[in-house]
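As written, the chains take the letters A, B, C, D and E, and residue 1 is the first residue of each chain.
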Amino acid sequence: MNFDEPRVVLLLALPLAGFGLTALVGRRLHQRAWVISVSMIVVTWVVAMVTVYQTLFAHAYGDGGLHFTLYTWVPAGNFHIDFNLAVDSLTAVLLIVVTTIGMLVHVYSIGYMAHDNGRWRFFAYLNLFMFSMLLLVLADNFMLLFAAWELVGLSSYLLIGFWYNRKSAALAAKKAFIVNRVGDFGFALGIAAVWTTVGTLNFTTTDAGPGVFQLLPAALQSGQIAPWMMTGIALLLFMGAMGKSAQFPLHVWLPDAMEGPTPVSALIHAATMVNAGVYFVARANPIFVQAPQAMVFVAAIGIFTAILAASIAFTQKDIKRVLAYSTLSQLGYMFAGLGVGAYTAAIFHLITHGFFKGLLFLGSGSVIHAVHEEQDMNKMGALWRKIPITHATMLIASIAIAGIPPLAGFFSKDEILGESFKNGFVWVWAIGIVVAVMTGFYMFRLMGKTFYGESHVDPHVLPNVHESPRTMTVPLLLLAIPTVLAGLYLGGGIFFGQETVLHQWLGPIFEHASETLGLHDAPFELAGIDGILLIIGAAAGAIGVAFSLWLFGLLDLGGERRNRIEAITNRLRPLYTASVNKWWFDELNDLIFVRIGGAVARALWWFDVRVVDGTVNGIAALTQSTGRGIRQIQTGHVQNYALGIAAGLLVMAVTYVFVIAR
Amino acid sequence: MTQLVSGLPILTLITFTPLVGAILIAFLPKERLNWIRWAALGTALVAWVFSLLLLTAFDPGQSGFQFGEVADWVPTFGIQYKLGVDGISLALVVLTTTLTWISILASFAPIKERVKEYMIAFLILEVGMTGVFLAMDMFLFYIFWELVLIPMYLIIGIWGGANRIYATIKFVLYTLVGSLLMLVAILAMAYTYQANTGTWVGAFDYQKLVEFGFDPTLQFFAFAGFFLAFAIKVPMFPFHTWLPDAHVEAPTAGSVILAGVLLKLGGYGLIRFAVPLFPQAAHDWAPLIIVLSLIGIVYGAIVALVQPDLKKLVAYSSVSHMGFVTLGIFIFTEQGLHGALLQMIAHGILTGGLFLMVGVIYERTHDRTIAKMGGLAGVLPVYAAVFGFFVLGSLGLPGLAGFVGEFVTIVGAFDFYPWVAAVAALAMMLGAAYLLFMYQRVIFGDLSDFLKGIGHHLTDMTRTEVVTLAPLIVLAIGFGVFPGLLLQLWQGPVNDFLAHVVPGALALK
Amino acid sequence: MSHSLDAYLILSALLFGVGTFGFLARRNAIAMLMSIELMLNAVNLAAVAFGAFTPELQAHAALIALLVMAVAAAEATVGLAIVIAIYRNRRTPLVDEYSSMRE
Amino acid sequence: MISIDANTILALLPPAGVALLALLVVVVDIAWPGRDRLLVVVGVGGLAILIAVVVIVGPLPGIGLLAGAQEVFGGAYVADSLTVLLDLTLMAIALLTILFGPDYLRPRGLPTAEFAAMLLFAITGGMLIAGARDLLLLFLALELLVLPGYLLAGYAKRDGLSTEGAIKYFLLGSFSSAIFLFGLVLTFGYTGTTNIREVAASVSTLVGTNGLTSLPPALLMGLALLTTGAAFKIAAVPFHYWTPDAYQGSPTPVTGYLSVGPKVAAFALILRLFVDALGSVKADWTPFIVILAAVTMTLGNLVALSQDNIKRMLAYSSIAHTGYILVGLAAFGAAPVGSAAEQNGLQAVLFYSVAYSFMNLGAFAVVAALQRRPGVTSQIATFAGLGRRAPLLAALMLLFLLSLTGIPPLAGFWAKWYVIQAALQVGGWLTLLAVLTVLNAAAAAFYYLRIAVYMYMRDPAEGAPPVTLGGQTRLGLALAAIGTIAIGLIPPVTIAVIAMAQSAAQALL
Amino acid sequence: MVPAGVLLADLGLPPFVPFLNWAWDDLLFLLLAGIMLAAAVFVVVGRDIVRSGVAMMLAFAALAGIYALAGAVIVAAAQVLIYIGAISILVLFAIMLTQSKSGPLSLVFHRQAWAGLLAAIGVAVLLIISVVNTTWPLAVTDRLVSVTNEVALLLFQDSLYIFLLQVVALLLTAAVVGGVFIAKREDSADPGEPAPATLERVRNPVDAAAETPQ
């Protein structure tokens, strides 16, 4: 008996069941509201790992992967959309990230949410998210992916607004959803364009029928569609990715999304959901490679977001916001990678970033927990002794993100930068290096302000600061493992002159793209150009870290540190102001959408009431007043009436005698 | 089952069961409120069961009409009592019978005055609505069409809010203007038929008229008459202004039926009558209608953004949503029509649900001002969840009914002309904006002072309220996950429709 | 002149005009009633005139005139009864003061 | 010598019967003074018997004893199917009025005897008009119709308004009679006959193919004078001035009668005059009828919108209905000679008259019933809360109002349907007239529904007394309601009325 | 019967009026027409309504003369009997009963009298134009002699006129029955709407609620 398909379905069914059950009975479980949900996810993880094994290691489904259809979802005549799922190596890689971090976050949440009365809701939402996210990576057609895309948006909305009585949370949730919808606007149109062009939305050609990834390039080749159309489709689709992955200018929702509980930030807004855009662009690589301008655009947006977000991360005082901007920046890297054709590298960074950023967020949650829900880094400091496990794991993650070898970030980031350089995108590489410096700087600014230097913790709170419970620290520790090792395992092959593990896995997926782009698969030259680039990259990170440590360093320097910071701040005042104000994007949005948009809406309402409805009522009023006017002729005087009759007679008689008869 | 049903005049049974119930209720003593209520609910349930029987016996996906019933009425003019059902009307009939019993159930608590008259009006309303969907004779159709008007007039006017009289008169007059012009068109059509064939036989018979093929001039004006009637009912911009007033003043159940079924009458009319009868004129008028639909979609959504009143907001959202219906119809693509139909059903379910939700809170606070609300999630968790469900459904969340209709329409529109799809898709953003804006202000945040003042009356949803909403939730999910249930039902009629139009004849690409 | 049909008809038209003027101009109900009588007489005159100049119509015309007189008598009866009744209410015969109902 | 055969008796039976009934009422009152109920029994019973006799004897297609049209007195009077239809209508009007009148009169100390006698005399006049094919008879019958009408208008002789209405009605009526008479004499002088068929023959030989152009000025002047006189009787604008005042002032049952009886009879006159006598020059009078129709319905409706007195409002409404009926006549006029449309226009006039009689009389019966208690004014405000105070009465009023509005499937709808289709069948300008008709109908809905608003949507005045209905009134209301519903909804009745209208129209052509 | 012209001739008068070259009957016609029109004008413009009534009788009398001149002797007789003998008397009684007196012009004429004059002139002129411009096909050039017995025969032998006579009888019956009722004074207090109250109500419509008897 073949368990492959049921197993995949189980991946969806378990979290969905967890959601349903928790939503229905979770409230009655009180403290143990997590039981169903966490156990479901643990089982899901196991199932996922089996699937991953089958796919990546046992190679059970071949290069094409496993494709199957559950039922016909939308049989609207020609618009025939199946509910079909697929597992290939790209999916499997994502499964690892999603289920592993998902499971750890679930476990972590047991402790983190222990004192919140809404925890049943929280776990229900988390399971809903897991379902949606898994559907997203398993979906085998555009529309189903779009559905999952929206559903993860929903979970995100629900979880950001989890503490609904906080106005800021509610607003942030709304903002996240609406900004995502802006991206989805383009995404939906892109999908519509795809269907209009090729008449199907299935990703690849399978036994069930042809797929977009084969048909669309063929259409271009045969001249059925013009190149600009291909670019248009790619850009529309990319718009969705921009929204979901918070790329400039749709990045504004992600920092606000930190209003959600920290595990949510870790899972959704760092490790998984925000990567959906990256995943999608990678998945749709056959479309993008046919649209070179779109590729450049993707790279430009990515790298610009990277530097923009990094610049803002410099000055944020909220620990989670720093991480959020960092996430933006890292996502920018990934898109830069996708744009330059370094698909594997981008996915590599997705994986490593998922682990270390998840770890950072969970760690920050632990910190926040320790200092009694304080998120302002100016009210922290010198905590490393008080919460050692948290500190240790976060330090590892910070080193990783800074790109210091041999931790995970180093491999993935440098692969992106190296590929950019080698594929001819030197400007991407140059900016990337600058961002690498900045990354090192702001990450260690965070570490410094939080764990080192002088303590600014509220004196009342200080005595009670303690390490988090084991449900929280264990996930931290578990996440630290891949943070250290994933890079080596997946990308360490470069040191041995071999094809890396990840390249082996994803090769079949991106092979065709590389060929189309004309990228020769040159062997890695540790002693040549690659090595130089590697060193530059690592050095950039190290410079940033060093400078940061000098400013926010390990030692207690008292006033001296403040002087250093102020000196630099003053010298860079305009940049500093811009950074603190996040380049005024919120203000700009407020102006455009709240003020101008509101004014337009109110004007239209006025138009509706006064002009449209006014016309309707005006006609009625005119009728009425005409009637009132006419009734005046009924004077009550018989003589007047008779005169009226006589006049009528005269008109008629004159007409008959003089007009008609003549 | 099919055997059982085919022996019965099932369509007549569905249509006139409520009338029988109404007559029975007329003989109940008016003090016996519960007898009256249960009798009304029972009647509506019987009609519902009949409609479900029909559903089971129906052969889906077929072209043409099934279960036809025909009898001469006024042979002098070829007027017949002729009923028939196809996939489109079947779906709408079931929607009608479902929403009717839900509405009646939802009226148990709020309607305390003149219950007898209310229930009678409601059941007669159901007769009219069902009849419109089943009538196969233009004359009969018109009669049912107008029959809908009066009960609704009374329901808004008697059991409505403070400004109910203004609203109800506006509703009736506005609708009447349109429908009377449609009457002129119907008669002109019948005459042309009679003049050309020399016989009155079939002059009002829908099927014969469809095959007849009218000359372009008549088509042009007759279409205008039909279109105006339907556009007002849908309602399309700029004929929509009666809707916010009517919704705001109508009692909850009235709003549910208004949004859930009455607006569908317009869409149904366009699909069933306006286009197949006058295909040439439909093509001539289509560009204008498409533009108006697009304006309606965007305009309704933008105006909804700044509405202070919950019902008004939902009303304007209806203008936006129904814009998809008219858009979907007049782009003359298969996807467009599928989407329009699906959107009609989905809008009926979801907006009906939204109005019920507004009704629930109105029942407790006697207010609907968004600014006075806030923080309901804390005190009414079930309410918040169910409300959230309908809000999400309404903004087109995948997995719920609203999504597929909207999406398929956009795909169809893109096939027709990409910019049209782009404008229509703006509603995805705007819809999310106004609905979530409203949801955030009503449900999230701290409990508002106004609501604190309500005190212990602010209770969570009662069992009855949950029961009324549960079917809608089930349907919303059901049609979201398995839209094929509906799409396959009306594939045949959709093909028939497309046979009348020239797909792509309008395409400007 | 008295042998010309037109003369009679013109006389009839003039009488009709006088009656019309009286009806349109007078305020007193009875004066208006009298004006109507003048108009009816004008009709009779026209009828008689036609009779006088058309052999086949002579007897018919006379009968028309007689019947019109009877009608006039009936009208006068009814009219005066109504005048008396309203006079009892209003204490005035001026018709334009009966304008409680207007517009 | 005079020879009276059975057919003459049969032909004259209906008007003679009613005249005898009138005399009988006078005699009975003299013999047994003050026996109101007996008078009603005599009047109603007699009318019922006569109606039955007419139905059996009349030249109804299929069931009549008389074969075809029966001419008597050298063609001065004809008993054809038009006569029968109008006789039946007029007798029904009389019957209903006698049923609901006394309940109103009795509390005001007004005798039933004179009321019934006057009514029957007037109806006799109307019935004679219906069969008159002689101008002289037409005039005398007309006087017999209106003279009792003046007296009835002033029936509440101690009421200043009643006498005021009566004198206005009388003065203007006499004025118009004189005008009419002059026209009659001019026609007589020119054609040398008063027989309508002979006049028609004379006119048609004169006109040849040139229409009115070839008519001598005297005949044209006569036509203008006749038209004025006739237009006055049907209360067409601008000859309508008497209507509001006379209707408002008259005792309510009289108003009810005035709004239908003289109108139906005057339309009979118009049919006899314009169709029978002047049919050959219809091309020339049609433009006037078109303009009269348009102006009449529009003015009637517009002014009715702002009336606060129910009787006055219904007066203006009756003016508007005159306009609608004239549309049928206009359709006859504008249709090509000998076409089906021509006949259809006449059918529309007749059908409308019949339907209108029932519904308008019904509405007045409700008003009269409401005003049974002296002191209840005619202000619309007296209807406030009638839906609660007297649900049945309110429901009936709603029924009549809806029928007047033209809501299907009531009689009034069919009536409007008929005139609109007649106009549409002709096409051209008449199409615009049809559109104007429906727009007017929509505007009229406003003031009809305003009554419904008062009845159902406003609370009754503090301490408003209960409404009690007399037994006779109940019967009258029931009959009017049955008529209104049956003509619209019961197919055999609808078909029968259509068939009667058809055969009556054929008799005219 | 003999024509009026012949009668005049028997008086031994010259065939034409001296100096004017008019036939005597023409003179008579003109005289009678002049008297009638003058009297009629006085009826409508006279300030004293009683005198108007008397003038009306004069006009009727002159008209009777014209009828006789036109050979309609029986109509002339009926004119004297019915109009002068019955209707005029009725009118005069009504004048007495309503105590109408003479008064200033403003009491006599309505404000719109000038417009009425224009309309009346218009009607008269139109009538004159139309009759003058018409060639009456049946008319002979000279007037005929009287035919009283033909009238009688027609009236009592032609079934149509018998029928019309019945209708007139009905008409008069109805007028009398109703007229008597309306004109009859009733002393008993009216339990219904008292007239003044009605008028008040119409002039100052107030909320009916306040009025509805409790």
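Definition applied: contacts are C-beta pairs under 8 Å (C-beta built on N, C-alpha and C of every residue); 3 or more make two chains touch, one makes a residue touch a chain.
From a predicted model like this one, the values you see are computed outputs, not experimental measurements.
Identification of common neighbours of subunit B and subunit C yields A, D. Between A-E and A-B, more contacting C-beta pairs join the chains of A-B.
Across the assembly, the mean Cα position most removed from that of subunit C is the one of A. When chain centres are taken as C-alpha averages, the shortest distance to the whole-protein C-alpha average belongs to B.
In terms of the distance between Cα centroids, subunit E is separated most widely from A.
Per-chain CA centroids place subunit C at a distance of 4 Å from subunit E. Chain geometry summary: the mean Cα position of subunit B and that of subunit D are 42 Å apart.
Centre-to-centre separation between subunit C and subunit D, using Cα means, comes to 27 Å.
Per-chain CA centroids place subunit B at a distance of 69 Å from subunit E.
Of all residues in subunit A, those that touch two or more other chains are 620, 631, 634, 636-640, 642-643, 646-647, 649, 653, 657.
Within subunit D, the positions touching two or more other chains are listed as 136, 140, 143, 147, 151, 154, 157-161, 166-168, 171, 175, 179, 182, 186, 189, 192, 217, 220-221, 244-245, 443, 446.
Shown for subunit B are the residues that touch two or more other chains, namely 173. The full set of touching chain pairs reads A-B, A-C, A-D, A-E, B-D, C-D, C-E, D-E.
Contacts from subunit B toward subunit D in the complex involve residues 72-77, 114, 117, 142-143, 146-147, 149-150, 153-154, 157-158, 164-165, 168-169, 172-173, 176-177, 180-181, 183-184, 187-188, 190-191, 195. Residues of subunit C that touch subunit A in their complex: 20, 23-27, 32, 95-96, 98-103.
By the touch criterion given at the top, residues 110, 112, 115-116, 119-120, 122-123, 126, 129-130 of subunit E touch subunit A in their complex.
For subunit C in complex with subunit E, the residues that touch the partner chain are 1-3, 5-31, 33-35, 37-38, 41, 44-45, 48-63, 65-67, 69-78, 80-85, 87-89, 93-94, 96, 100-101. Residues 637, 639-640, 643, 646-647, 649-650, 653-654, 657 of subunit A are the ones touching subunit E in the complex.
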